[in-house]
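Below you'll find a set of structures to go through.
Next come two complexes, and both contain chain A; in the first it sits with chain B, in the second with chain C.
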Partner chain A sequence: MSSEWPLWEVFIRGQHGLNHRHVGSLHAPDAELAIKNARDVYTRRNEGVSIWVVKSVDITASSPSDKGPLFEPSNSKVYRHPTFFQIPEEVGHM
Partner chain B sequence: MATAEIAVDRAALFEFLTRMGDNTLILGHRVSEWCGHAPVLEEDIALANTALDLIGQTQLWLGLAGEVEGKGRNADALAFLRDAAAFRNCLLVERPNGDFGQTLMRQFLFDAWHHVMLTALTKSEDPRVAEIAAKAVKEAAYHLERSSDLVIRLGDGTDESHARMQRALDDMWSYVGELFIADDADRAVAEAGIAPDPASLKPEWEAIVSEVLREATLKAPTSAYVHKGGRRGVHTEHLGYILADMQFLQRAYPGATW
Partner chain C sequence: MYAQLVKSEGMKSAAELSPEERAFQERIDRGEKIEPKEWMPEGYRKTLIRQVGQHAHSEIVGQLPEGNWITRAPTLERKAILLAKVQDEAGHGLYLYCAAETLGVSRDQLLAKLHDGSMKYSSIFNYPTLNWADIGAVGWLVDGAAIMNQVQLQKTSYGPYSRAMIRICKEESFHQRQGYDIMMKMAQGTAEQKAMAQDALDRFWYPALMMFGPSDKDSVHSAQSMAWKIKINTNDELRQKFVDQTVPQAEYLGLKIPDPNLKWNEEKKGYDFSEPDWSEFFEVIAGNGPCNKERLGARVKAWEDGAWFRDGLLAHAEKAEARRAAARVAAE
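Let's turn to the complex of A and B:
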């Protein structure tokens, strides 16, 4: 039966101010029940204050075979990291 | 706190508290029987959550019942060491699980009553009762939302699911009326402002149920026959099997802990 239901990706916000985080996936016939199922499957131990669900088929993912062209060019470009600024004393801890 | 206790007969208050606690205990046990057997994984977990909510509420109701009784019995002693005739749950909650539709219909009919009852109890004159109700009513609100939703989906679903839901409704219907019939204990706690008169909950219950059944395209049976007895300890044979299962360990190994 569950094979007839679409797969949904579940995102939970743990506390106010934090981003929603992907926590897993589940099956449900529609968005409304996906939220209910997510509540029951992923927030049983008081994990969340907000739930997002999105159909897994609606997610476009980068292809693992494109890993090289996509990500390797950013290797060895240390000048893109903001580690070369001198922070004035009076700013204190950032 | 003390004033509420003085204003009402202890035995009547104990009776009321065991009725609340035994309903949630027996239904919680029934629903937990689905664990590992539900139609889909998501539903399995949802049912287990519901069962755990109900067992959690049982601890509060029976814990308070033990205090009020004042004979040194705690929630565990009341749950595991009483015989069937001392149980005060309604007959509805001891109905067998049947198929998923029957479990769901029993849950919906109970949730609708439970939510209306707990909402009224949040205004109880006894602050201990009001506090338990305030905690439990949030859980019951979710139970009702979920069971209503599923009753509508399956009732207004395929021919097969519709037929099963109608059969479940026909099967469970005559076990609900008992929840609205008052006896002396009910009248005593109602007069003390501790709990509502059971009959006063019926219009709101009917409004919830008739709206959901209408959307679910299901027809409530017209028979007015009501099975009753559970609330005064006269049970169907099903309760005995539940207790045998539930109480075995404490009966065979008294005082066993883990």
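Let's turn to the complex of A and C:
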């Protein structure tokens, strides 16, 4: 049996000025063909102006079980949001 | 539907659930999406692989009955449209394989199961497309039924599946409209063309109704899938919605739905209609439909004939990578 083409994750910039965004994955033998396949699979209706592909095995992801330790500490730091501070009305817009 | 007879795992009562399973069910009940790599019951994972895989296979096999007419489309414009639609089906299959792969199964494994017959695809694609009006009927009825199913699946609990459905639904309404457009042209054409349109409707009506799967009373797999929000509506609910939506569209075309029992029921605000012949459905699922052998044969042949090409591209990629690595070493 022949071996499977590697899996690539595809990121598309939808319009100028926006970040590339993950849209899905596909199989391709190499990066060049991954870009070509991504064009056909993910931008048939003008969805993009730029494509990134990266091998799925090269992505390191945070573990779902680390969600608490990673993200909960920021919950208590409400002073990071401007609405935490009361500015008197006579000071005007700040 | 595109996944008609998906075997689900046995339903557990609330008391039988482990703490992990209960927490999982509560997340689903709150409407949270489950994402890859998060903890999920083995049954949830297995059922999803079956359902998403079957859905993907249906998109891919679904290219065959329509692909049959690409070289025979009556005008260049119709040909270009049909090509775009069939290409979309390939894309939809790929979105779904990609969603299935996040569950820990590879695309090649799924394809191997399609090819050896252990995974199914929708029964509808085992019917032949005999004349050009069939391409209209497929778009109108088959894609119409598919959309009916897929719209609700946008709310499914598994994130990658839900996102694939959202994308597919966006693209698919063009498919149904192009089918109806063909039907309008045929139904408003010569008497002979209209007869072809009626003939296509006659042949595709009941197979389209079968797409939603067996009646709720015989559907053994629904309860657990609905609790997990892998399935949102029951087979009969969707079938009823499909009939209610389609009858006025047929009337507009001046075509007759081939069902003597079709009648508006004021009380339920919907149509009463005849059930399809379920023995035919189970025969087709078992591999004995008019085109089962041809469809699966075409898929297996394409896979086998393409092996040298897939291997060749991979060998080229490996060589090029080795050359790049050697150049890097030389430059250092």
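Methods note: the second predicted complex is superposed on the first by the 80 of 94 C-alpha atoms of A that agree within 3 Å, B and C clash if a C-alpha of one lies under 4 Å from a C-alpha of the other, contacts with A are read in each partner's own complex, and residues count from 1 in each chain.
The rule is short, and it goes like this: a residue touches a chain if its C-beta (ideal position, glycine included) is under 8 Å from a C-beta of that chain, and two chains touch if they have at least 3 such contacts.
Because the structure is predicted, anything quoted here is derived from the model rather than measured.
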item: Touched partner set for A:Asp40, first chain B, second chain C, both or neither; value: both
item: Which superposed partner A:Glu4 touches (first chain B, second chain C, both, neither); value: second
item: Contacts of A:Ser63 with chain B and chain C, given as first, second, both or neither; value: second
item: Partner chain in contact with A:Ile51 - chain B first, chain C second, else both or neither; value: neither
item: Chain B versus chain C as contact partner of A:Ser25, first or second or both or neither; value: second
item: Residue contacts on chain A - larger count, chain B or chain C; value: C
item: First (chain B), second (chain C), both or neither touched by A:Ile12; value: neither
item: Where chain A meets both chain C and chain B, residue numbers; value: 2, 5, 26-27, 29, 33, 40-41, 44
item: Complex interface listing, chain B residues touching chain A; value: 39-42, 45-46, 49, 142, 145-146, 149, 153
item: Chain C contact footprint on chain A (complex, rising order); value: 2-5, 7, 24-27, 29-30, 33, 40-41, 44-45, 61, 63-64
item: Chain C residues within the chain A interface of the complex; value: 35, 37-39, 84, 87-88, 91, 94-95, 98, 101, 106-108, 164, 171, 307, 310-311, 313-314, 316-317, 320-321
item: Of chain A, residues touching chain B in the complex; value: 1-2, 5, 26-29, 32-33, 36-37, 39-41, 44
